[in-house]
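So that we are looking at the same thing, I have put the structure below in C-alpha cells.
Letters A, B, C, D, E and F name the chains as they come in the text, with residue numbers starting at 1 for each one.
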Amino acid sequence: MSKLDPIEYVDAPPNVRAVFDDIKKVRNVPDVNNFWKYLAHDPATLQRTWESVKEVMAAGSLSPLMKEMIYVAVSVTNGCGYCIASHSAAARKAGMTEAMFGELMAVVGMANETNRLANGYRVPIDAAFDQ
Amino acid sequence: MSKLDPIEYVDAPPNVRAVFDDIKKVRNVPDVNNFWKYLAHDPATLQRTWESVKEVMAAGSLSPLMKEMIYVAVSVTNGCGYCIASHSAAARKAGMTEAMFGELMAVVGMANETNRLANGYRVPIDAAFDQ
Amino acid sequence: MSKLDPIEYVDAPPNVRAVFDDIKKVRNVPDVNNFWKYLAHDPATLQRTWESVKEVMAAGSLSPLMKEMIYVAVSVTNGCGYCIASHSAAARKAGMTEAMFGELMAVVGMANETNRLANGYRVPIDAAFDQ
Amino acid sequence: MSKLDPIEYVDAPPNVRAVFDDIKKVRNVPDVNNFWKYLAHDPATLQRTWESVKEVMAAGSLSPLMKEMIYVAVSVTNGCGYCIASHSAAARKAGMTEAMFGELMAVVGMANETNRLANGYRVPIDAAFDQ
Amino acid sequence: MSKLDPIEYVDAPPNVRAVFDDIKKVRNVPDVNNFWKYLAHDPATLQRTWESVKEVMAAGSLSPLMKEMIYVAVSVTNGCGYCIASHSAAARKAGMTEAMFGELMAVVGMANETNRLANGYRVPIDAAFDQ
Amino acid sequence: MSKLDPIEYVDAPPNVRAVFDDIKKVRNVPDVNNFWKYLAHDPATLQRTWESVKEVMAAGSLSPLMKEMIYVAVSVTNGCGYCIASHSAAARKAGMTEAMFGELMAVVGMANETNRLANGYRVPIDAAFDQ
C-alpha cells in the first residue's frame, strides 16, 4: 500500500461528514484542516480525537487563546512542523499578537534550555516545592 | 571527580552571592532553589541563565502566570521531574488554581497526542495557514 | 565541506558493495534505500548498523511485521520523517493493513498523551507493578 | 497549593467512582492504578482519558498484547518511568514473555539509533516508499 | 496574521542592525544566517540569544570545533533540520573532517540507543558513579 | 512476570561472562556497570551492544574524551538519568575537568533552546549551508 491521500468532504462517508460538519460549525470555517482529512482514514480515531479536542480546547479556567498558545509551546518543543503552523494560525485567529508570539517563543526556548541544565546538573527536588 | 553538591549562600564566592541576592530580591524569597545552587558551580552560566530567565519571565504581553504555565507545559512534555515540580509550584504561587492546572495538563496531553498523529499520517501543511 | 550525496552501488568501493549486496539479498530488493546510500559515507557505521538491523529485525518471538510496527511507533514518536515513510512502507510490505495502521497510530497517540499526564501529575510507581 | 495526593475509591465522588468501577470491571482488577487515582483530580480528564484508552486498547486488528508492547515502545522512547513500569506489567499480564520483551527493547533501541542517523545524514525520502 | 518573513539588514531597525553587525564581525561573514533574520522579529530575543551564543561558543576549556560538534549532536538528537544543516556547516568551517563527522554520528546514534535500553531495563544508578 | 534483577558475574552463563570479561578488560575495571548486568537478560543484545559501543567509542578522529562528552550531551538532552550519571563519570575518568563539564552543559542548554527557536520561527535552511 502507499502514502495516504486526504479525504475531502465530497468523497467522505456519512460518519466522517458528520464529524467534518461539527468541526466546521464549532470553528466557524468553510472546510476542515488537512489534519482531519487524513485522520478521516480511521473514522473512529477521527471522531474520538475531535470530541477530545473540542472538550479540551473549549473556554474554561483558561481561555481558548491561552490553550492555543500552550498547544504551540508543545508543538515547538516536539518540532512538529504541521502543528506549529496549524496552531500558530489558530492562536493568531484567537487573538495572539506578534508581541505575545515573541514572548511565547522566548519562554519555550528558555524552558527547553533549563530543563536540560536541571538534567545535567542532576538537581534534586526542593522539599519546599511540595509544601 | 564525583557528583556535585549544591553551593549554599554561606559558602558562595562574591560573584555567585550577587546573583543569589538578585534572585531572592526579584522573587521575594529567603533562599534560592536547588537549581541555582547547582548552576553556581559555573558562575558564568549561573549569571547568564538568571539574567535570561529574569528578562524572559517578566510581565509583558503575557502575564507571569501565563509564562509559568507555558514553562510547565514544556517541562511536562520533556519529562523533566525537577522542572515540573519547580514550575508547578511557581505557577501556583503566581495564581494557578487546580482547575487551571487540570486544563493545562489536558491541553499538554492532547497536543502531544495530535503532534504524533500529524507525524504518522504525514499531513502536509495547509496553504491557508500562511495567508 | 558541503552536504553529502548518496553513494550509488556503481560508485561504491568493495566493502560498501558487500553490505549493499547483503541488504538486497536479505530484503529481496533490487536496490538499497537512501538511508544506506548515505550511511555508506562511513563504511564502518554502514556495516555495523546493517548487521545490527539484520539481527534485530529477524523473525523471533516477535514477527517481522510486529517489529516493523514497533519501528513505526518509535519513528512517529520521534518525528523522523524519513523513518516514518521508510518503515510504514516496510510494515505494509510485511503485511500491515490500513486497519492495523490506524490502530497503531491510535495507540501511539494515546501513549504519547498519557506519558505526559503521568509526568505532569507526578504519579508514583505502584508497588503492584513489580510483583 | 502543594503536591497532589492520590484519590482513593473510598474518598472519591460518584462520578469518579463510576469511572473507577468501569476500569476495574474491564481490566478485572480489585483497584485502579495510581495513574487513575491522580487523574481523578480532574474528573473530566479522568473520564475522557479512560474512555479513549478503553476504545484504543481493545482487541481489533491488533491484539491487546501487541498494543501494550507498542505502548511500552513509546514509553521507553519518551523515558516515562511510570509508564514503562505500568505498561511492561500490563504487557506481561497480556502474554509478553521475557524473550518478547528482549526483542521489543532491541527494536526500540535500534529505531532510536537509526532515527538519528537518518536525521544527521539528512537522508531524503525515497520515491519508492510512496508507490 | 501570517507566516513571518526574514528581516534583511537593509530593512532592519538600528537595534537589529547592531546585533547583525556584531554577528558578522565575530563570525567573519558578509551576512547573517536565516535564523537571526527570523529572530529579528523580536529584537530582545535576538540580542539575548546572540549574546548567549557568543559567550557560550567562544573558545574555552573546549574548542569552538568541539562546541560545534556538541551542537550538532544535540540538533541531531532533537531532529531539528535547520540546526543540523547550520551547525554541520559551522563545524566543518571550524575544522570537522568527514571522518570526525562519521564518528560523531556513530556516537550520537549509539547514545540514543543505549539511553532507551537503560530506560526500558529500568537500570538503577551505580553507587560507584558518585564516588 | 516482574521487575528484572541484575545478573551478577557469579550467576552469569558462559556467553554472558565472556562479554563481561571483555568489558572489564577493555575498560580496566573490576566489575561491569549495572547497565550490562541488566542487558545480560538478553545475551544477544548484550553482545551486540557491547561490540558496537566498543567499536564506536574507541579512539579515532575523535578522542575517547570527546566521545564521552558527546554521549553526555545526548543523555542530558534526552533526560536519561542513568546515562547522565554513567557517562559523566566516564567522561571525568577520561579527563573531563569541571570547567569542561560546565562549558559542555552550557552548549547543550543553548542548543536545546535554539533548536526550538528555529522550529517556532519556521526558519528555512540557508542555501549557503550546502555549498
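As a convention for this text, contacts are C-beta pairs under 8 Å (C-beta built on N, C-alpha and C of every residue); 3 or more make two chains touch, one makes a residue touch a chain.
Owing to the predicted nature of the structure, the values given are computational and were not obtained by experimental measurement.
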- Could you tell me which chains are in contact with chain C and with chain D alike? A, B, E, F
- Task: Work out which chains are contact partners of both chain B and chain D.
- Result: A, C, E, F
- Which one of the chains is farthest from chain F, going by Cα centres? A
- Query: Based on CA centres, what chain would you say lies at the far end from chain B?
  - Reply: C
- Query: Just going by residue numbers, which of B-D, A-D or C-D has an interface where over half the contact pairs are the same as at C-F?
  - Reply: A-D
- Task: Let me have the rounded angstrom distance from the C-alpha centre of chain B over to the C-alpha centre of chain E, please.
- Result: 21
- Note on the structure: Separation of the C-alpha centres, chain A versus chain E, in whole Å, is 27
- When centres are defined as mean Cα positions, the distance from chain A to chain F in whole Å is 34
- For chain D, residues contacting two or more additional chains: 2-3, 41, 44-45, 48-49, 52, 56, 77-81, 85, 88-89, 97, 102-106, 108-110, 112-115, 117, 119, 121-122, 129-130
- Message: Taking the touch definition from the header, please name the shape of the chain graph: line, ring, star, complete or other.
- Response: complete
- Query: What residues on chain A touch chain B, complex-wise?
  - Reply: 3-4, 33-35, 38-39, 41, 45, 49, 52-53, 56-57, 60-62, 66-67, 69-71, 73-75, 77-78, 80-83, 85-89, 97, 99-100, 102-104, 106-115, 117-119, 121-126, 128-130
- Show which residues of chain F lie in contact with chain A when the two form their complex. 72, 76-77, 79, 81, 84-85, 88, 104-105, 108-110, 112-117, 119-122
- Message: Help me check something: in the complex, which residues belonging to chain D touch chain F?
- Response: 79, 85, 89, 92, 97-98, 102-103, 105-106, 109
- Task: Under the touch definition given earlier, write down the residues of chain D that touch chain A in their complex.
- Result: 2-3, 44, 48, 52, 55-56, 129-131
- Task: Using the touch rule from the top, collect the residues of chain B that touch chain F in their complex.
- Result: 1-3, 41-42, 44-45, 48-49, 78-80
